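In the part that follows, the structures are each spelled out as structure tokens.
In what follows, chain A forms one complex with chain B and a second complex with chain C.
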Partner chain A sequence: MTSARRHKAVAYAVTIPFVIVLAFPFFWMAVTSFKPEAQVYDPTKVWSFHPTLANYGFLFHHTDYVRWLRNSSFVGLMVVLITLAVALPAGYALARLSGRVGRSMGVGIFLTYLVPPTLLFLPLSRVISQYFHLSDRLWSLIVVYPSFTIPFAIWLLMGFFKTIPQELEDAALIDGCSRLGALVRVVFPISIPGILTVVIFTFSLVVNEFVYAITFISSAENRTLTVGVPTDLIRGDLFNWPGIMAAILIPSIPLALVYNAFLNRFIAGFTGGAFR
Partner chain B sequence: MSDSKLTRRELLKKAGIGAAAVGVSGAAAPFSFAGPMKFKNRHLKGDLSIIQWVHFVPAYDDWFDNTWVKQWGEKNDVQVKVEHINNTLLDTRAAAEVAAQSGHDLFFNLHPMASYEDQVINHAPIIQEIQRKVGPYGDLGKKSTYNPKTKKYFAVSDNYVPDPVVWRRDLWNGIGEAPYTWDHVRKAAPKLKAIGHPIGIGQSQELDSNMALLAFMMCFGSFVQNAANRPTLNTKATIDAVKFMSEIYKSEDAAIFGWNPASNNNYLYAGTASMILNAISATRTPEDQHLPFADDLAIWPIPIGPHGRLGLEHVMGCYSIWKFAQNKENAQQFLVDLCVNYKQATDASKLYNFPSFPGAYPFKQIRKTAAADTHKPRGKYTILTTIAEKYTHNIGYPGTTNAAMDEVFSKYLIPQMFAQVSQGKMSAADSVKSINAQVKDIYAKWKARGKI
Partner chain C sequence: MMGVVAAAQGSRRNRLRYVMERRGFLATLLVSPAVLVIAALVGAPLVLAAYLSFTDAQAGSLTGRWVGLANFRHAVHDPIFRGALWHTFLFTVISQIVVIVCAGLLAHALVRKFRGRWICRFFILLPWAAPIALTAIGFLWFYDPQASIFNWFLIKLHLVDPQHLPNWLGTPKAAMSSIITVQAWRTIPFATVIFIAGISSIPEEVDDAAAMDGATGLRKFWFVSLPLQLPIALVAILFGIIFTATDMIVPFILTNGGPFNSTQVLTTYAFQTGINAGNIGEGAAIALFMLPVLAVVVIGMLVFARRAEVT
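What follows is the complex of A and B.
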């Protein structure tokens, strides 16, 4: 066996088990979503069953699935916009303007990200209800979610901005740009990987969030995907497994495609601040 | 060929357009979601908001939302809004509503929320009104929702759900056994495991394990508290019960330590379990889905232990009205009317819900309805009435369900006590002793607060 082949064989030997382990849940999800509900519990029908689209039909015709998707998307996009609006200037300022203080503040901001929602949802319930009067409205989530997306985004962008040479900005300033102009014309365009990482990561965090969504939203018309699925597809101790799998598979596909499309930039965004 | 390929740039462009389309449609979402008023052009007396679980029997929600609520709302000129959430999320939701001092007018939970006594109105006038119409509150309901110390009803129970043993006749007959006593269960367990069908009693931090193990303890004469609501866990009977269950566990699957409320059902539906403790949703689902062993599922009261046959309700449906509720009068009237007309509810739930005010649907009538059920073995649901009438007790029996008991229940101390012995982490005596210390602390706390 040549060295190149041996190298390839080792690479496959290492990669394939990971691929199987990571891809199997998606494969199982897809298989189950096409099973008739009665056959899910039948051990003789694990692989041999009559595929059906009935579970997808149930989702679209007997639940508010489209509305859940729309609500999640709306909240996700709004939170992404707010997060970028705050984190971009904050990340830049902490990276460039504050020196040691900036680093300490950066760490401090990141630490707030580590406070779990299970501790915060009770005090925030009062804030949302009594001060903002946003109970049972999607805007309650749009207001609260940035509390955990912004710290992470600032921390990530701060690391990324640090990798951009100061000389580039200096050159722009010498050429007549204002600091804001240098930021918009020079820094942001070459920070696209970091910004995309924030967009994707923020959107994923929001779409997956559960505790705030179940706490602040109670009406059926305002439910997001993470609340709608367990509410309408789990009846106490009776799980509609094919329906649940179909409900999760549908949003997984575009998210997986987006991740794949931006994979290189995503990795660059995450590792941007790691090496200098 | 390469020309027809979608380049990454094109893909991103298309994805961007798609995302923008979703965003634009979503941006209009909050304004377009509100539906039309229920009673257009009518002046309403008020509103009523209700939050409750997604019922295990879908037909019940269908009846409740589309028949009962609709008719009640029209009759009383009230706009009623019902929200359903998963049963495991009710406690989280209650905590959030209390923290916000804002929420639904009627809050339904599957266990009496004794620890929120100060947050709710005294429900005594509602109970008196119901009693005036259909007769006395059942003992189970009263002991679950009344605090004898403060003389306050902190909830109204509309229903309770009996908790039978569900077992596979074909499998048990095959080994020449039946779960008549806990001794029979212990002897049968290894044989059932040997044929690939273990019994499935959970020892996890979840509702079904809690109920099964508390009831099991009672059959051994072990009680968390006495009739005067004083802690009595640390007894020989408790140690014996814990040891006995650890013996049974040797023939169970280790997965029982990580179970959730659906696990025992799924274990049964997969054709694996030979016996579980669960409400009749465990038999209704196999019937509805025509699972091959549906006709072999039998229902019995909890097996007899050294202290007798003492069971618990599986869930206790309780409505509470917060002090901060906006429409208390409508909520009270709704509760009265629901409890008085509970025959409809019991029938809609396919005998899952039993009325907490027995006069609303006397046992004799329920027995007749149960006997008419055509599922095989025919008449199997008749025993449910006996279980409901004779072997169903409240959480905290022989005392009342109180804030301390509620906390012991909500912290899953009892499953923990059993699990650490079955897993070999502690001896039965040590486990009981350590949990007893926590129980005593909890009782001391609530005593200091004047609730027990």
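What follows is the complex of A and C.
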């Protein structure tokens, strides 16, 4: 028993300092976001200030923030739909293709996820404007983002589908289902938690993206969240720091909540092909 | 393809049904859209990037005069580019050493069950879950020359002289350490997650067997736990390298290469040359210097995949 207690003590002793260091920036952002303009530059006022929601009001009523939120959500939603349509069948097929071919194709597709946007944005910026005539349109992002969400989603889905026993499908086949029918009626319904995980992480990859968004989009009303806040809230003459802090916290907290809720599933899928 | 032709002739519906039930055909049908999309969105731009780097293409066009290796030669003789190579190296290596040590420690603590683990995990995941382009702006504020919260701590701890406060992003050395700190901060959670995955994949029998053989404490750690975790550490390092060496968000937002190009990395320099200055060909050549990093990581991943297959 004493050893168990010691284990716990060690766990706390390691975890708590890390929690403080990693989460402190968010604590300080939250404090700043509630401060009245006059007290912003005084760090000594941690607790003793008059909290105000004025900064949140400013953000929502006097900037394009709501528009950027809407843009990011729209792009996220469209990319999630495209990604699922392409990655679901592919992930399933690669998980079930036994032997070397399936495995090496899976690994190959995963490796394309590692090709960074910073290597591709120069040629893509030209292709987008010259051939697709999509410069400064949200659709330019919807077209390009699947380049990294699809390999990522296929990899996760492969991991999930591998955990579904083959016998379940065989039973459906014996009962007279076609292979495609077994896929739609048996496999997809029991993979819903896995699919939901893919939806969440794909959406957050899209919301996080910065390089393509800053290259393709040039007008304020078409910006996404990650580009709108740094370019239009920062480069303005007035540095409304509390408003900016609010703008950072609003998307971050919900994202962290869903990450935490789906973390175990994410780990299972992400490592499904590698660790067994 | 033979199957398709055969299905087109003969009694159509039955043939088609037969073909659809064949595993190979169905698999090809299901995978090919993904392969096509990836080829178009990753493969083609990659080839195009390589092509552009041999031309003098300017903003507004996708073609240029073939200039051979001139862009690369120009880059190699450019002091800013050489600086960028060196800074990319420093930025990546230092931040990832910090990340691996911290994530290893943290993961071992987090796999244990203790009260409040959920909320601890929530706080630890925050830097990873929050969009880095946004949190980097937060750091712009924490490093603010007039109101830096870090300076306030340092003054309280009597580590700096209030008359000579460090200007975190305004002086070359401090700027480099500042961006490395932020990069390490945002990578630790993801590396921790990979470590947790790896640790939980080690079967409990190993622990029991080690105990049976009398291996405890440091000996067990050195001879049993560490070798088993080496592949996991390798995977975390590979991800860390690729996501740091090829990422431009943190340096772009915090310093944009400044002051005096002291934090210029490959990605920010490629952006400035290719987009801001409009020399697409030269920008592409600079960005292509990331390929060796990518190659090393890919080979590492393949070795890992092979090992996982064998065991």
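Observations, loosely collected:
By our rule, the second predicted complex is superposed on the first by the 219 of 276 C-alpha atoms of A that agree within 3 Å, B and C clash if a C-alpha of one lies under 4 Å from a C-alpha of the other, contacts with A are read in each partner's own complex, and residues count from 1 in each chain.
Rule of thumb we're sticking to: a residue touches a chain if its C-beta (ideal position, glycine included) is under 8 Å from a C-beta of that chain, and two chains touch if they have at least 3 such contacts.
All figures in this text were calculated on a predicted structure; none of them were measured in a lab.
Of the two partner chains, both chain B and chain C are touched by A:L122.
In the superposition on chain A, A:L77 makes contact with chain B only, while chain C stays out of contact range. Look at A:F18: by the touch rule set out above, it reaches chain C but stays clear of chain B. In the superposition on chain A, A:Q130 contacts both chain B and chain C. After overlaying the two complexes on the shared chain, residue contacts for A:T231 are found with chain B alone; chain C is out of touch. Once the two complexes are overlaid on the shared chain, A:I174 sits clear of chain B and of chain C alike. Once the two complexes are overlaid on the shared chain, A:A220 sits against chain B while remaining clear of chain C.
Of the two partner chains, chain B is the only one touched by A:E37; chain C is not. In the superposition on chain A, contact is made by A:L138 with chain B only, not with chain C. Number of chain A residues touched is higher for C, counting chain B against chain C. On chain A, the surface touched by chain B in one complex and the surface touched by chain C in the other have residues 41-43, 121-123, 125-126, 130, 211, 215, 227, 230, 234, 257-258 in common. The residues of chain B lying in touch with chain A in their complex are 8, 11-12, 15, 18-19, 22-23, 25-27, 29-30, 33-35, 51, 53-58, 81, 83-87, 89, 92-93, 95-97, 99-102, 104, 208, 261-262, 264-266, 269-271, 278, 281-282, 285, 289-292. On the chain C side of its complex with chain A, the touching residues are 17, 20-21, 23, 26-27, 29-31, 33-35, 37-38, 41-43, 45-46, 48-49, 52, 57, 61-62, 102, 105-106, 108-110, 112, 114, 118, 120-142, 144, 146-147, 149, 152, 185, 188-189, 193-194, 196-198, 200-201, 232, 235, 242, 246-249, 252-253, 266-267, 270-271, 274-275, 280, 283-284, 287-288, 290-291, 294, 297-298, 301-302, 304-305, 308-309.
Within the complex formed with chain B, the residues of chain A that make contact are 37-38, 41-43, 67, 70-71, 73-75, 77, 121-123, 125-126, 128-130, 135, 137-139, 211, 214-216, 218-222, 227, 230-232, 234-239, 254, 257-258, 261-262. Partner chain C is touched in their complex by these residues of chain A: 7-8, 10-16, 18-19, 21-23, 25-26, 28-29, 32, 40-44, 86-87, 89-90, 92-94, 96-97, 102-103, 105, 107, 109-112, 114-116, 118-127, 130, 144, 146-147, 150-151, 154, 178-180, 204, 207-208, 210-211, 215, 225-227, 229-230, 233-234, 241, 244-245, 247-248, 251-252, 255-260, 263, 266-267, 270-271, 274-276.
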